[in-house]
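In the two assemblies presented below, chain A is common to both, partnered first by chain B and then by chain C.
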Partner chain A sequence: MFEIVSFLVLLVVGYAFGSLAERRHYRSIQKLEIEFNSIPAIASRYPPVDKAYQQQLVVGNVVIASDYFKSFLAGLVNFFGGAVVSYESLLDRARREALLRMKKQARAVGADYVFNIKYETTSVGSGRLASIEVLAYGTALTPSGISIPANPGS
Partner chain B sequence: MLVSNLEILPNRKIEAHLGLVQGSSVRSKHVGRDIMAGMKNIFGGELKGYTELLQDSRQEAMQRMLKQAESMGANAVLNVRFSTSSITSGAAEIYVYGTAVKLDDAQNHAAGTNQVTTHV
Partner chain C sequence: MRYENRQSPEGINVTEHNPVAHLLKLLAAAVVIIVLVVVLANLFASRLGRLIPFRYEQALMQHVTYDFSGAGSESVAMQEYLNTLVQRLSPLLEVPEDIELNLHHNPDGVFNAYATFGGNIVFYNGLLGQLPHENALAMVVAHEISHVLHRDPVAGLGGGLASMAALMALTGSTGAGAVGNLLNKTGMVAQMKFSRDMERAADRAALSAVNQLYGHVNGADELFKVLYQLSGATAEQETTFDAFMATHPLHQERIDAIAQWAAENGWSTAGEITPLPENYYDWL
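Moving on, here comes the complex of A and B:
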């Protein structure tokens, strides 16, 4: 009896605090994404050659824990099969947050762009308790103040 | 030391490729943090302790890689990659690797020589 009660309490508490944390996190992500829009993150391996840029590696990481309700839902879906929607938003949040932290570093060095963005996702939780780490990294390009002739070949 | 995950440095000439350099670091969290993390797994949210731990670990791996590059006489590491693997439930390995190269002097860069060097 006690076990059922504690399970239900955990489920309700997990849902309440988990969705509150998620909503709060999404609000902060959306606000920061607008703020950091001025530094585009580009997945190309080739840097632009219009100006001389200084290169520097920038990284951002975050570890996010799933809540009890999400874990329970995922367990349920795992049994029947199908899309684990509760974890999709978790990963989405982690990826966007990691990218924002990387851009924060890029802004600190005065970068115009971040090139060659790579993501890495690792599960760091123990057992059934899912926590995920997302690492985002790339090369910040800071203009070094030297202009290059428009057509260097000729 | 220039560290970049691009393979190309416009305007800079690569004088010598010195080969692969690498650094790794395995860390585990202490029990107190594990208990806190267990709590967080009910409520959800960021595990700041783990975020910092992995950050420190990554920095250490990077330092080891840079030390190796320095001892080879390199002044830049290009095409840097990270890799993370959870070894047991309590520990994670961070591995970072890249290509150590020797670049020409930055003065040439300042003079605006527009030599595009590709790194294979």
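Moving on, here comes the complex of A and C:
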């Protein structure tokens, strides 16, 4: 009996606090994304050649824990197969937050753009409630002040 | 070249879903599947188990050197008395000739009696010492003989093993986490039903034999009354939840069932109680 009650309490608490934390996190992400749109993060490996830029590695990483409810739901999906939708928002938040932190670092070094964006992810910790880490990194391009001729070869 | 990051709409990488409804749907489906598989595996394997000839059980037990009588020396007088009761009850229970019953008196204080493979039945001092009269003891003895007669030990083992194997095969992918734990528990609870059904069937057969032996069923429910007292529970404290989780039916349910079966069959619930032999408690 105690086991069932503690399980239900964990499930309800996990759902309540997990949803609350998620809503808050999304609000913060959406606000910061608008704020940091001035620093484009580009997947391309080829930087603009309009002027000379200093290049610098910028990184942003975040570790987000799953809650009991999400993990339990994911475990149930594991039984049947199919998309583990309960983890989708967790990964979405982690990716976006990591990118924002990377942009924050880029802004701190005065970058105009961040190119060659890459993501890496790994699970941190073990046991029932594992957390995920997402690392976003790229090459920040900071104007060096030296202008480049339009047709350097002519 | 101009670069910009436009704000993309939400909901592309995250599927819109109601997590609670999703959980309830999956949970219900998983429970139904687990219960169904356990019930089918148990039904199949326990039926198969009952088809194994009794002599195979006996042959198997000849290789087992387990001392059912425990560390202490068993009382010869108690053993003889229990044997007498078995001899009186066996024809009433229609025990076939090929089924040989081996009684063991264990001086341990455990409040228990059980029937196991090869017709071995063990009575512990802890239980024997709590019984106030022969009618109660006869009910216990007849109950354990019925287990042997119904081939419950082999059916229980077969059904249990098959259910466990099916459960492990089903829940193996869910691991040792909360989901695996919950599904395994669900399977075990489903399995308990078979155990309770065996107990009810043994109670029913035993009551009929006791009625034939004494001409009434007075005192047959004494064991469950003693169990009730020992558990310290009241009828209000025994909940539906307890009934669902237990290997045996609730004590009150068994007492009520005895009264009901007696009424259905027109067996008298009033009659003279047969005392235990004078030196019974010295034999413990």
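Annotations
As a working rule, the second predicted complex is superposed on the first by the 154 of 154 C-alpha atoms of A that agree within 3 Å, B and C clash if a C-alpha of one lies under 4 Å from a C-alpha of the other, contacts with A are read in each partner's own complex, and residues count from 1 in each chain.
As a convention for this text, a residue touches a chain if its C-beta (ideal position, glycine included) is under 8 Å from a C-beta of that chain, and two chains touch if they have at least 3 such contacts.
Quantities reported herein were computed from a predicted structural model and do not represent experimental measurements.
Once the two complexes are laid over each other on the shared chain, residue contacts for A:P40 go to chain C alone; chain B is not touched. In the superposition on chain A, A:Y68 makes contact with both chain B and chain C. When chain A is checked against chain B and against chain C, the one touching more of its residues turns out to be B. Applying the stated contact rule after C-alpha superposition, one finds that A:A108 touches neither chain B nor chain C.
Using the contact criterion defined above for the overlaid structures, shared-chain residue A:S89 touches chain C, although it does not reach chain B.
In the superposition on chain A, A:L8 makes contact with neither chain B nor chain C. Shared interface residues of chain A, touching chain B in one complex and chain C in the other, are 10, 68, 70-71. By the touch rule above, chain C contacts chain A in their complex via residues 1, 3-7, 10, 13-15, 17, 19-20, 22-23, 26-27, 29-30, 170-171, 173-175, 177-180, 182-183, 185, 241. By the touch rule above, chain B contacts chain A in their complex via residues 2-11, 34, 37-38, 40-48, 50-51, 54-55, 58, 80-86, 89-90, 92, 109-110, 112, 114, 116.
The residues of chain A lying in touch with chain B in their complex are 10, 13-14, 17-18, 21-22, 25, 45-47, 49, 52-53, 55-57, 59, 61-68, 70-71, 97, 115-116, 118, 120, 122-127, 129-131, 133, 135, 137-139, 144, 146-149, 152.
Residues 1, 3, 7, 10, 15, 26, 30, 33-34, 37, 39-42, 48, 50, 68-73, 75-80, 83, 85-86, 88-89, 91-92, 113, 128 of chain A touch chain C in their complex.
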